[in-house]
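Chain IDs A, B and C follow the sequence of writing; residue 1 opens each chain.
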Amino acid sequence: MTSRIKEKVFFTILGIPMVACLLVFFWIVFVLSSGIGTLSWNILTTSVLKGGIFEMIIGTIYLLLGAAGIAGPIGILAAVYLVEYAPSGKLTRTIDQAINNLAGVPSIVIGLFGLTFFCKQLGLGISLGAGWLTLTLMILPIVIRGTEEAIKLVPTSFKEAALALGTTKWKAISSMTIPSAAPGIITSVVLGMARVAGETAAILFTSCVLVTRGLPTTPLDPVMALAYNLFVKIVALGEPPEKVFGIALVLFFIVIFFATAAIVLRIYYRRRQPWLR
Amino acid sequence: MSRMIDVGLEELSATLHRMGELTYDAISVSIDGCLHDTNVYNRVNEMSDMLISMADHVEDKTFELISRFQPVASDLRTIKSYMKIAYDFARYGRYALDISYINERLGGLKKCEGWIPQYIEEMSEKVLHMVRISIESLRNHNTELAKTVSKPEQEVDTMYFEFLDRLTEKGHATSKCIISSVLIIRYLERIADHATYICESVIYLATGQKVVLR
Amino acid sequence: MAEVDIKKLNVWFKDNHVLKDLSFTIKENAVTAIMGPSGCGKTTFIRAIDRMNEIISGSRTTGEIYIDGINIYDENTNVYELRRKVGMVFQKPNPFPKSIFENVAFGPKIHKIANGKEIDKIVEKSLKEAALWEEVKDRLNDSAFSLSGGQQQRLCIARALAVEPEIVLMDEPCSALDPAATAKIEALIRELGEKYTVIIVTHNLQQAARVSDFTAFLYVGKLVEYGDTKNLFENPKSELTEKYITGEFG
């Protein structure tokens, strides 16, 4: 076979999975689009008590923002420590491995842990706070991993030059490394949010109820969420899938929003990091 | 390990050696001509011209090596010395030519009073010996040999002044003889000086020290 | 403005004994070149002068280096102040990912040398000293990366000068630059040598010969010869030096 033909063959073979993904994506949208009928601006903004889904949307967003707000700083500082300060050795490698493993833990198991530890032992009960802490466990590996990678990509020459001028190690990192890695860090946080936006199992028994009276006012209040609602409606209440396509569509778009935001941010920030070219 | 500059340095060394042999010939031929009254001017002229063009070639070659290789340390000293020595060899040629020109214009020393040609022959032997030392010590960068030029240098100096004294004392020779012999002995003394310069350059080239052998 | 007196300096990286018993004195207000074949320890040596080897894990240093009579390896030494006094310019130009102005202002701000308008003056002075002011005075807020390689290196020099050092270390500052940029920086180095103690590492013999007043030749971590550049290049005392500079090895 000539090289030209070989090239074409491989190109096609490699292209097939990509096409398949696109097909699946659009098929999902197509299936869900039948739910468009059930949606309207009204529904989105009216309280559940009056037939809308407002609290579900806000609840999902509260969960996301809170979890990101906790996981973000912790993850970033942990990553900085692991890359810059931790002595290289068995202990550090073990910690690294543990973080990787955390990412692989089934979300239902994390939810169970959350129920036992946050809800019962810490006494938070089924609440927004417990949901935040549980979701943090899921976002953390993504943020730590992403921040580590972002920091490693920053040329050490910046830090070295700063140190040679007489800065302390922390000043060199905080004024050079972290700002330069910021794009990657922000992207990883957003990716983390995309990961947990549609998370059901983790919030299943840690923070959600079917209906709440108004929006949660303190972190100890339970919250409504789109994913939870979907699950309960189908499994517990036995409603036919078609009726909840509208809710699924909203959830779908929230996730897509975050995923797209991550991509857009990445492209925008690339321009400001010429050393990556 | 041979370096790129070594090729150039060897070529220079070979050229200088040829120049050395040529100058030795030029000087002995011109002295011979004086002592035996033979006409050697054209022959010596040819040799002198060749020496001048060889000296030019050495100068060009050393500049080329400098611009291409930026030599340092012993290489640099060698190149600097080679340039000087080429000039000294060309001077030998000039003096040889001047001697044979005297011979041509004023006639040889054969007809002069016995002691004069003898004296000049003795002195010219010493000078040729010094020239031989300068050529050989250059060939192998032999500093020990180069240092041996001091003794004959002093002897030639002494002979030079003694001759002038004797000449003024005796005063019998014809004016032609007086003028010829004084000029010839002057040129011989200069040749001896240049032989010493060459030996000093050999020591500088090999050790980096600037010595005075006079 | 400061003499650097090195006494029995030894540096190890894990088991590798990189610098062995170095002892010599670098004169102030002059340009000293450190030369030697790859791996002889030149970079390790100059990094020892501002204690930058400590950043690398597994490094160990014994011996003393006296700057202005004070041992910089003494326990009580303020490393950050040392690094202000001893500036460093690296092989590959490494400006910060900030504007030209911010690059030069970074050092003075960190050390609280000046505020507000004073900083502007310092930036201008440093850029002038580094022969870069005319080329950038109208675009101080542009990114440092918009400059050419040679300009970036001069910016790094300005950045080091902005904190008013006494000693300037340069690790092969021209090796990543083209001949024209190199010539500019070499001229700059000679000028700087009149005001600062400049120590430059180079593996380019001709550069060492062109630019320095004194030269030290290092070989496998040991000092082989140290002296006046003119004499060392015309008539080296050590045969090893002679072999190295005439190109028989290295």
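The rule is short, and it goes like this: contacts are C-beta pairs under 8 Å (C-beta built on N, C-alpha and C of every residue); 3 or more make two chains touch, one makes a residue touch a chain.
This is a predicted model, so every value here is computed, not measured.
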Graph class of chain-chain contacts, one of line, ring, star, complete, other: line
Chain nearest the global centroid, as defined over all protein CA atoms shown: C
Intercentroid distance (Cα basis), subunit C paired with subunit A, Å: 47
Centroid distance [mean C-alpha coordinates] between subunit B and subunit A, Å: 94
Approximate Å spacing (C-alpha centroids) for the pair subunit B, subunit C: 52
Interface residues, subunit C side, partner subunit A - complex: 50, 52, 55, 57, 79-84, 87-88, 90, 92, 94-97, 106-107, 110-111, 143, 145, 156, 159-160, 163
Touching residues (chain side subunit A, partner subunit C) in the complex: 87-88, 155, 157-158, 160-168, 171, 175-176, 179-180, 272-275
In the complex, subunit B residues that touch subunit C: 1, 3, 5, 70-77, 208
Residue numbers on subunit C that touch subunit B, as the complex places them: 205-206, 209, 233-236, 241-242, 245-249
